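Have a look at these structures, which come just after this line.
Presented sequentially are two complexes of subunit A, the first with subunit B as partner and the second with subunit C.
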Partner chain A sequence: MAQRKVLPYLFISPFFILYGIFGLYPLISGMVMSLQKKEAFVGFSNYQKVLTDGRFWKAIGNAALYTCGSVFIILPVALGAALMLNSAFMGKKKGFMSTVFFIPNVTSVIVAGIVFQYILKANGGILNEILLSLGIIQKNIRFLNDPNWAVVSIVIMGTWRYFGVNSLYFLSGLQSISPDLGEAARIDGANAWQEFWRIKFPLLKPIMIYVVFTAITGSFSIFGEVYTLVGAGSTGARDSMLYPVIYLYNTMFRDNKMNEAATMGYVLAVLLLVITSIQRFIMRDKDEN
Partner chain B sequence: MKLGLKRRKLIGSILFHLALVVITVLVIYPFVIMVSGAFKPDMEMNRYPLRVIPHAPTLEHFQTLFENIPFWRQFGNSTFVSVTCALVAMLTNGLVAYGFSRFQFKGKKVLFSLVLATMLIPGQVYMVPQFKMYQTFHFFGTYIPLIIPSAIGAMGIFLVHQIMSQVPKELYESATIDGCNEFRIFLQIAVPLSAAGIGMQGVLTFMGSWNDFMTPLIYLNQEPTYTLPLGLMRLQNFYKISYGAPLAGALLSCIPVVVILTLVGQKYFVNGMTAGAIKG
Partner chain C sequence: MNLKKFRMLAFVLSLAMVFTMLSACGGDSGSSSEASGNTSESSVTSEAVSEDTASEESGEELVMEESNVNIWAFAEPHGNYFEWVTAEYTKQHPEVTFGIQMMDTTAMNDRLAVIISAGGEGTPDLIDVEQGQFPRYMNEDKMFFEPLSERMEADGIFEKMVETRLSLYSYKGTYYGLEHALCPTTMAYRPDLFEKAGVEVPTTWDEFMAAAEQLKEQGIYIAASGDVTAGSYDDVEVYLTASGNQIVKEDGTPFIVENQALKDLLDDVLYLQKSGMILPIEVDADRWNAMAEDKVATYYTPDWAAGWLRDNVPEQSGQWKQTYLPKYDANSARTSARGGTGLCMSSFTKKDKDVLWDFMKFAMVDTDNVVKKYEMINLYPPVYEAMPLCNGPVEYYGDQVLGELYTELAPEMPAQNQAAWRSRFGESLKSYAYDWGEGNMTTDELLEYVQADVEDYIAELG
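Let's turn to the complex of A and B:
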């Protein structure tokens, strides 16, 4: 009988043991590192350094801009794609089309980086060639080197890579909405537009909260996409391709400032927790209160 | 009236399919570029970047690829790491999910919430201290730092738990009465009955590991031990001017993903992907 009492803990122990060693311990030692310099306690001076570092805030700013792109461009595209997948016109193609939309997400980031570099480069890049031949632009756009276009390039690549997986999340939400609701609204004289905004959109809220959450955390964690798109070590013209994790990585491996990098990790994590808490507060169910 | 409705439906259908074609082309186009670029001679690539089918297809980029990086070695490394990650994830997710779904025990709710809470912690905070720890353990340059994360993925535990909870309790009880020990019940009842979920988790972990770029970048320092994404990155940095060889490598590195998507089946895969979103 005593054995039966221990047994459940035995089964769940792998997670707690491994997380204790490889998750919790670094979490604590990282905190300690952020308060030290060369093994000596220095209080909050690392935090002061990070928080007054202009490049750190530049990186945060870039990430914030990209987050806006994710939430206001990538997610609406994803929602549109989900509505298409869920539409009656889709018929039997649904499974196949969702796979097509999903493929970019399971493509290696290095593959995406190589291909999009080839698409976006200034000289002979495919997008420039297309825009030139259509007469939309007269002069090549330096997508990857012009600070004004840097975030646009990342959003273009991000849309390609992430709209599909998000549209699958939205689709699972749309599928759980009973078609009777839409029918009832139609009978009451609602058009398709009203049906979407008044019925489907509010019912998608739980999914929306999750998807926006992953969009925010994902955007702030962006690394591989930028690293491969602009080339190792580059942060773009006027730091326009400097993103938080890239900065953290460079501080850690190029400048060898471990304590400062650990501090940055903590500041970023706290910042993200604050932002996502605000997000959940804004998107909370107001009727419940 | 009836005809009008029919006609409107037809126009709607045409517009819908037009939009669908445009989106599909945009999604597929980068892959078309990849395939086309892998076989296009350098000269054509610069002169006619928009031409999809090369005039004089060539295999020279594959040759360059194999001559400059130990491609198949790195392909093998990636396979080894990804398969190991998938197995580790399936084993630990299965065991932990079984513990939580099969038994009632003290502190269960709190412990399960703790598992889920780890998902909320932004990953950046682990980067530096984990690196330092692996260095002290002399794990730097090995595959261990690449494999460990798949053992502590809370999302996987959550998903497998969702599916295992649906196994009827009576099955467990009758097996216990028949004198099976818990580990056998786990292996012979719980695992087969939630094979779809566990398998899905394995596939997702495999793909995540196959495509992982940052972890190998941090922990691997010797070209023969590189995984494929790292090898390709080095190649890309060498050949700033020519895209042929990197595109050829990119093409070959997509093969396992394509094979898996075909084998596992689209519907099954897509459903497994979204199962976690509803409650997440």
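Let's turn to the complex of A and C:
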């Protein structure tokens, strides 16, 4: 009888032990650290310091800009790719193309960073060469040094890296929509755009919520792409390549300010919670309407 | 299998899993070598855990206890040397074996930061520390390394090695490491390109500027350097160090706004770059490609980078020579110091520190071994006795004996001052350099902004 009482708990205990050690403990430990300075309790003074730090808000501003790029550029490109994959035109090539689209996502960020340095560099960079030869620009653009182009550079790399995986999410959403709905709409005289905008797009909302949510959280957590493009020890011209996790990393590892870094982590988490709550509320509101 | 037996088996397996996880997560304060992920080929013997003894100070013969020493290094050539020198040491002291773990320098220092926070859990015993990373530890709470001043004094290290190279790994008057290389920075040059332009090889900065104009007429860049308008600062720093105008004063305070040499050099390099006399490089390949096309006449190189030309433009073997660095002003040295790596001992190690120190001397000070290091990986030793022995001709530089040049320059080697805020200086310069390069701010304004950032940083460090 005793065994019967203990056994179920024992079976589920591995998850709780792992979660306790690798999830809960760091969470609580991080919270405690954010309230300390050199192991002495200092209340919320670290939070006050972080919230009044101009560079922290600069990093948040850069991340917000990149988030706009993610949501309004990367995701539409991914949706376009998904629509293409879902079209009858693709036929048997759908599987192959999906794999091709997914490759950037599994490519090492270090390799991608090096390749994009060559693509984006001002003198002899592939992108500059193309734009010059097409007559779109008259003078080389310093993508990685000009603060006005910094976020564009990151969005270009992000588009290449993440449109594939997002297009697969959209594709799974599109495939779950019954073809009968489209057929009925076409019988009623709807054109391709109306079919997409009135039928498919609204039905993609559940997937859309998830994809937008991950795009926002991913954008605020961006690290590898920026770090490899600008290199260690740089945050770009006018701090244009200073992103929250880069700043947190430098604070923790370069400046050895562990308590401040933990505080930044918590502020960032709360900020993301607020943003995603707003996003979910807006989407839910539209749904209800 | 009936249900009862199945439940019993599941019960036992779950129990085993829980205990395995709990034991895996438990601390192990005594044995750090295996926990640190030793990837060495060296065999592992039982560990010595005896604390530091005073055998050397008391003049008694050092008695080695069985020990497995873990070394962390970041540069492949250093790793190769350690493989060789540890094997030699083990031949003489079979009770001491070694494990060498290679990793990226940033990753290594990040791991050390975590180890400090964890109270030393998982520490290596000896660490190769790149000089640019040392300032991360220049803080009483974060100093990872064992003070070595007393041992160095007792063993006459300051008489045997170039002291300016040791001060790179010092903090508040205490020394923490032994330097691998002298790192004399000289100027490699192409005699044929200077001849083509009808200009003498420059011996001063003014001659360098004048030569740049003449070389440009032949379509030749005098140098290919990091883009100064992106905040690349290495070449400017070479001349500042040689002229005794470093941004870090001896006492560790900043020398930025009032630093006239810094201001003039930034202006000169910006002029050379904007006038097409210096090729600004964005990726290393830009430099090597331009060199391969015979478009670059000079290259500042410390000893550890002398082989990079050979590796990247091998077809130009015999076409390059090395000479003194052009003097920035009358008081400048004819050489500068760039880079450096020191072997340091972890203060958290549980191994016998006498054994570790004995090995450090064997690897970094012993004449035969450091000469062998020069032959293996081109690191010119900062050990006086070994210098004249590093006199082999170097084929790539037309059989020039680089060792003779380095030996001649050794007494002029300037010190490299260290400060915890050095990385903030670089970051800040990169942040403002674009606007400076675009003409949106003057050099004075640039340096004022940078100084302000550095002072804020220092204030935060307390």
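Simple rule for what comes next: the second predicted complex is superposed on the first by the 274 of 289 C-alpha atoms of A that agree within 3 Å, B and C clash if a C-alpha of one lies under 4 Å from a C-alpha of the other, contacts with A are read in each partner's own complex, and residues count from 1 in each chain.
Basically, a contact is a pair of C-beta atoms (placed from the backbone, for glycine too) under 8 Å apart; a residue touches a chain by one contact, two chains touch by 3 or more.
As the structure is a prediction and not an experimental result, all values here were calculated from the model.
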{"item": "Combined model on subunit A: subunit C and subunit B, fit or clash", "value": "clash"}
{"item": "Subunit B versus subunit C as contact partner of A:R238, first or second or both or neither", "value": "second"}
{"item": "Partner chain(s) touched by A:S87 [first = subunit B, second = subunit C, both, neither]", "value": "first"}
{"item": "Partner chain(s) touched by A:D146 [first = subunit B, second = subunit C, both, neither]", "value": "second"}
{"item": "Touched partner set for A:L18, first subunit B, second subunit C, both or neither", "value": "both"}
{"item": "First (subunit B), second (subunit C), both or neither touched by A:R198", "value": "neither"}
{"item": "First, second, both or neither for A:V111, with subunit B first and subunit C second", "value": "first"}
{"item": "Subunit B versus subunit C, judged by how many residues of subunit A each one touches", "value": "B"}
{"item": "Partner chain(s) touched by A:T228 [first = subunit B, second = subunit C, both, neither]", "value": "first"}
{"item": "Touched partner set for A:R186, first subunit B, second subunit C, both or neither", "value": "neither"}
{"item": "Partner chain in contact with A:L10 - subunit B first, subunit C second, else both or neither", "value": "both"}
{"item": "Touching both subunit C and subunit B, counted on subunit A across the two superposed complexes", "value": "7, 10-11, 14, 18, 117-118, 124, 232, 252-253, 258"}
{"item": "Of subunit A, residues touching subunit C in the complex", "value": "3, 7, 10-11, 13-14, 17-18, 21, 38, 117-118, 121-124, 142, 144-147, 232-239, 252-256, 258"}
{"item": "Touch list for subunit A against partner subunit B, complex", "value": "5, 7-12, 14-16, 18-19, 22-23, 25-27, 29-30, 33, 81, 84, 87, 89, 95-104, 106-119, 124-126, 129-130, 133, 160, 164-165, 168-169, 171-173, 176, 206-207, 210-211, 217, 220-221, 223-224, 227-228, 231-232, 244-245, 248-249, 252-253, 258, 261-262, 264-266, 268-269, 272-273, 276"}
{"item": "In the complex with subunit A, residue positions of subunit B that touch it", "value": "12-13, 16-17, 19-20, 23-24, 26-28, 30-31, 33-34, 37, 46, 49-50, 92, 95-96, 98-100, 102-103, 105, 108, 111, 115, 118, 120-133, 148-149, 151-152, 154, 157, 182, 186, 207, 210-211, 213-214, 217-218, 228-229, 232-233, 236-237, 240, 243, 246-247, 250, 253-254, 257, 261, 266-267, 269-270, 273-275, 277-278, 280"}
{"item": "Touching residues (chain side subunit C, partner subunit A) in the complex", "value": "7, 10-11, 14-15, 17-18, 21-22, 25, 106, 109-110, 113, 116-117, 136, 139, 141-142, 227, 229-231, 280, 282-283, 286, 423, 426-427, 430-435, 460-461"}
